[in-house]
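Each chain carries a letter (A, B, C and D) given by its place in the written order, and its residues are counted from 1.
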Amino acid sequence: MAPLRVGVVGASGTSGAVAARLVAAHPRMVLAFATSDARTGESVAATLGMRLANDVRFAPNAAAVDHAGACDAVLLATPADVSMRLVPAFVDASKQVVDLSGAFRLEAKEYPRWYAMEHTAPALLARAHYGLPELFGAPPGGSFVANPGCYPTAALLALAPLVREGLVETTGIVVDAKSGVTGAGRQSGDAYSFLAVDGDVRAYKVLAHQHTPEVERALSRVASAARVTFTAHLLPVPRGLLATCYARPRSGATRERIQSCLVEAYGRSAFVRVVPPGDVRLSGAVGTNLALVGAAADGDVVVAIGAIDNLLKGAAGQAVQNLNLMNGWDEALGLEHLQRFAA
Amino acid sequence: MAPLRVGVVGASGTSGAVAARLVAAHPRMVLAFATSDARTGESVAATLGMRLANDVRFAPNAAAVDHAGACDAVLLATPADVSMRLVPAFVDASKQVVDLSGAFRLEAKEYPRWYAMEHTAPALLARAHYGLPELFGAPPGGSFVANPGCYPTAALLALAPLVREGLVETTGIVVDAKSGVTGAGRQSGDAYSFLAVDGDVRAYKVLAHQHTPEVERALSRVASAARVTFTAHLLPVPRGLLATCYARPRSGATRERIQSCLVEAYGRSAFVRVVPPGDVRLSGAVGTNLALVGAAADGDVVVAIGAIDNLLKGAAGQAVQNLNLMNGWDEALGLEHLQRFAA
Amino acid sequence: MAPLRVGVVGASGTSGAVAARLVAAHPRMVLAFATSDARTGESVAATLGMRLANDVRFAPNAAAVDHAGACDAVLLATPADVSMRLVPAFVDASKQVVDLSGAFRLEAKEYPRWYAMEHTAPALLARAHYGLPELFGAPPGGSFVANPGCYPTAALLALAPLVREGLVETTGIVVDAKSGVTGAGRQSGDAYSFLAVDGDVRAYKVLAHQHTPEVERALSRVASAARVTFTAHLLPVPRGLLATCYARPRSGATRERIQSCLVEAYGRSAFVRVVPPGDVRLSGAVGTNLALVGAAADGDVVVAIGAIDNLLKGAAGQAVQNLNLMNGWDEALGLEHLQRFAA
Amino acid sequence: MAPLRVGVVGASGTSGAVAARLVAAHPRMVLAFATSDARTGESVAATLGMRLANDVRFAPNAAAVDHAGACDAVLLATPADVSMRLVPAFVDASKQVVDLSGAFRLEAKEYPRWYAMEHTAPALLARAHYGLPELFGAPPGGSFVANPGCYPTAALLALAPLVREGLVETTGIVVDAKSGVTGAGRQSGDAYSFLAVDGDVRAYKVLAHQHTPEVERALSRVASAARVTFTAHLLPVPRGLLATCYARPRSGATRERIQSCLVEAYGRSAFVRVVPPGDVRLSGAVGTNLALVGAAADGDVVVAIGAIDNLLKGAAGQAVQNLNLMNGWDEALGLEHLQRFAA
């Protein structure tokens, strides 16, 4: 069978480069084209440090649509405003689309506040499938994928089963998240120099992070309207993300019930592993598409913790997982070997 | 005036060594004796890497009481069970005592649960002053000082003014704290090797950390009975501690009111600085006796963040600050110069 | 064709665990057995965090020989004294053997000085092939492989082509090497704690490191008797090794000639890449079986620099490369994909 | 006695900020003015995070000379070209001058090659005293101080006594140096981001570093013409520098003789400590004005290692030490307390 021809838009950025490598190494995909405004004209193989069957050069992002005819699917690792401009053409052309930006994760009316812009393609929002397969399944026919944010992925995998089963209150939830520098948004400038980051930790975008409504919206799909406080912190590590989540227990939310809820939710999952809460750590997830989750409870609180690699399960890995599912393949295809070499 | 003769018990441990250095460099103190079970017989000056007017050798901890006659004050940087055994003799001898352990911070009945032992000197608990000067003032006559834990110091400095003024609810408080390895308790063994710590973050003692009741008890002194969920995380940094605290706002808890509450509480403080919440960071506190605090609020939550150096404001620096106050001196004596060279 | 059944002795150690993972993921190998004194009885799959076709449990190292009948080849990642005891039985049984220790890299008379013991299997030394394929080719029939040390691998790949072509003097060579903690020998104890390693750099075993005679012996094979000064330093990084080598130029050793010598030596190599000397860096090699080499020269000196991942090209990766060659396969089989995901 | 009024030019840079803090905290100095092109108009106290008796605002560097009348001495922490322009006016005005740049360390004819410019004040070179007090004593009357580079300071302290006593050959010397990011020159840009530096090590300016002729020139003052190969490496640490030096022994250069040579050279030194070579490490020097040196020897080579804090003994600390000596004070004034709090 012919391999799936996949284009990657924004393929020299942090997530985009990982996505391009995963596609190129995937047993049933081939890298059809790659775009990058920063690297236009350069060799993709040389930039990514890998061998390609057919070496290609980066096109500019704006030229991505010109390549639509040469691909079956496209992954966009671009800023939200760029994705809003580019996604419609690929959807219209009936290509498989996975957008890694936040452009299609919220309702149109939320964009001015959280992304500081009007949504320019609101009609498409209804067709976007929020691509967290362990919670929301495979993308249905006719949909395209809004690939979840890194923080929401970790927080939702830890919390959502407990919310769905009614074990915790849906208001007053706190998500205290910590991420390495590749997960902290824009990474150039003095704020991300070695001197500024090494030995330091700080919160950022306090009470103003755009992943807050994303977590609330996703939790609200599994229960009633959820209210979440979200704080992001910058860690002196290159990769990995930990989300420590707090919720008030409902009656019956014993430690045992909490634990069995997670085990039932993920017992057959290819990528989510339920471990004791003190074993949920960056080092168990970094370099893999795994998510580690664990929880504890006493009478006052339920603590649920999730850890992922922000570039894999939190971005490019999950995008490939979604693309696998769109094609009816094993969701772990091209991803499972990562964990063999992570440590 | 003759300098204050200060003995340091447990002076080769992480906090104890810092305490001994601060004493030896203090303009009105002299290091009278130093004990260490691990270094008995070795030169204090050589071990600490500093010059001493009169070099002394480490005595064993158990011999500390024999040196009571040669000192005016004693700092104990020992495990809680050792402090319980040694403190009574120094108190009985009317020495100034600052105990850095958790031995005298809680009620007697709480020790079996949180410290896994019966309290062996419960009669002394009533005379212990919880030594967080910015909140609870100078130690009164006849008291000795229970020096606060590192996590409680950071959390209380950020939260307590808001609780005291009734701006937040006293139940459902969450303290999500992160500390470098010197603040994470016992530090030897594979769990603290470079390979285990570098690049990693994890929670520990989830819902079982002994600083939970300490924070609750201190908050309950400034308002009604407080309930706190506390989680500690281990960071890949040597020093520094950040506590991100969440509480539900009461009416009137606007962002402006929260801010002015902190500014009023600490406007004349030598060591606490109120900054925007995103500027509360390890790097601003490490190497100094400073605490940085900042807060934000929306309708659902108040977020208050505190940062300290766990070995200084979180341990030895605060102990010297308490000793200064017991002697009627400027609380910053021997401490203020630290911040000149920290960065 | 039936897969090669490979046993790994010492499979829970730093190098041994990587070797076991590489074998288990290799397209033409299967993990036949795995031994570990520290993990005897535990599940290999669980310990290594990977799925195995047939899960096995760790046997004790001493029982390795009992499994000889169930394997075609064996990789030993054991201390030199253990390898001396175990290798003879596997060689006698005509198994393919790759020993990762230093047990078979020197002459018998050198072991008392550099390894503090008499060699217990000196008759086998003549059959040991020093397995650095880029310099010494595939293991000949009837041989077994003494897999090179991590420091010698990096230093020799950078230096040996220049020595072989007579471009530098063979005496007065200096190798100043720097390695992350996994390359620095025994890694437990306070000397390898996060507090001791983070932010620090130091030399160790100054003028007494056992890799000195190994480099000298290997260089002497490509030219006349070489004399090398070798110094190892411990870096605050988990993996990776850089060897900066200095040699006096012979006439004709221009910068151009030096460069072309390296390019000719490695132009068709699967794993060695010639780059400018400032681009030889840990980050280009870690996570892969690659070696980066580069050189510069002026009238006084030739500087040649090599970088590898000490656990892959410096240990387990090179061991699998050697095993591939012993079986007549592409030397990169099971190794080339590593570089796709390294960054 | 009136305190020495000291101006600091370039006082918001990495070295300049440390110099300004040392001056402000010095018992016999007062910060007379501070300049900074990047921070012109901002509060010096706020920028440096310290309290000043008389707060001042940063003037632009070009205005430094206008402040000459208000100072007795000036420290310049400016690029070499800026120092060339500014130093003459201060020397002409008979101010005490310590220049931390490389502007006055070499001969005029060397500047085009190593600093890519013609020297614009060559007449002053003869009056510059190379300010490494342990080797070249106090600045003589009528001189001003060319404060040594960080790498030369560490290398010379380790090597020069051995060269001076004729224990090693003066040609074929190798200095392999490693420094944290504050010592590696310009520190902004992607090359110094956390992602680029953490976990990595690389050489830079191979065979082209401007500290090469500086070391050669200084060594040539204590013996005959010296020839040195110098390589700098960038370490993933914020501060600290290690120089591993290799030289060929002359007859009589036994390990004991080498050791006694260093002990004799530094036995009464306030800042240089002779330790075993494996104990020469960043962590023993960082945060202090100390230099650690140690050496080993066999028949083929002498290895001498030096470690310093590049911002203190390698820059601002040594500048204050030189200023102390110019005023006839104890060289350790205002510096000795640093080591009390370093660890």
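One rule holds in what follows: a contact is a pair of C-beta atoms (placed from the backbone, for glycine too) under 8 Å apart; a residue touches a chain by one contact, two chains touch by 3 or more.
The model shown is predicted, which means the values in this text are computed figures rather than measured ones.
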Chain at maximum distance from chain B, centres defined as averaged CA atoms: C
Between C-D and B-C, the pair joined by more C-beta contacts: C-D
Chain B and chain C, separation of their C-alpha mean positions in angstrom: 48
Chain C and chain D: spacing of chain centres that average the CA atoms, whole Å: 39
Residues of chain B touching at least two other chains: 196, 199, 236-238
Of chain C, residues touching chain A in the complex: 17, 21, 24-25, 49-50, 199, 284, 287, 337-343
Chain C residues within the chain D interface of the complex: 172, 174, 176, 178, 196, 199-207, 227, 229, 231, 233, 235-240, 242, 244, 246, 248, 277-283, 286, 296-298, 300-301, 303, 305
Sites on chain B touched by chain C in the complex: 181-182, 187-188, 190, 192-199, 236-238
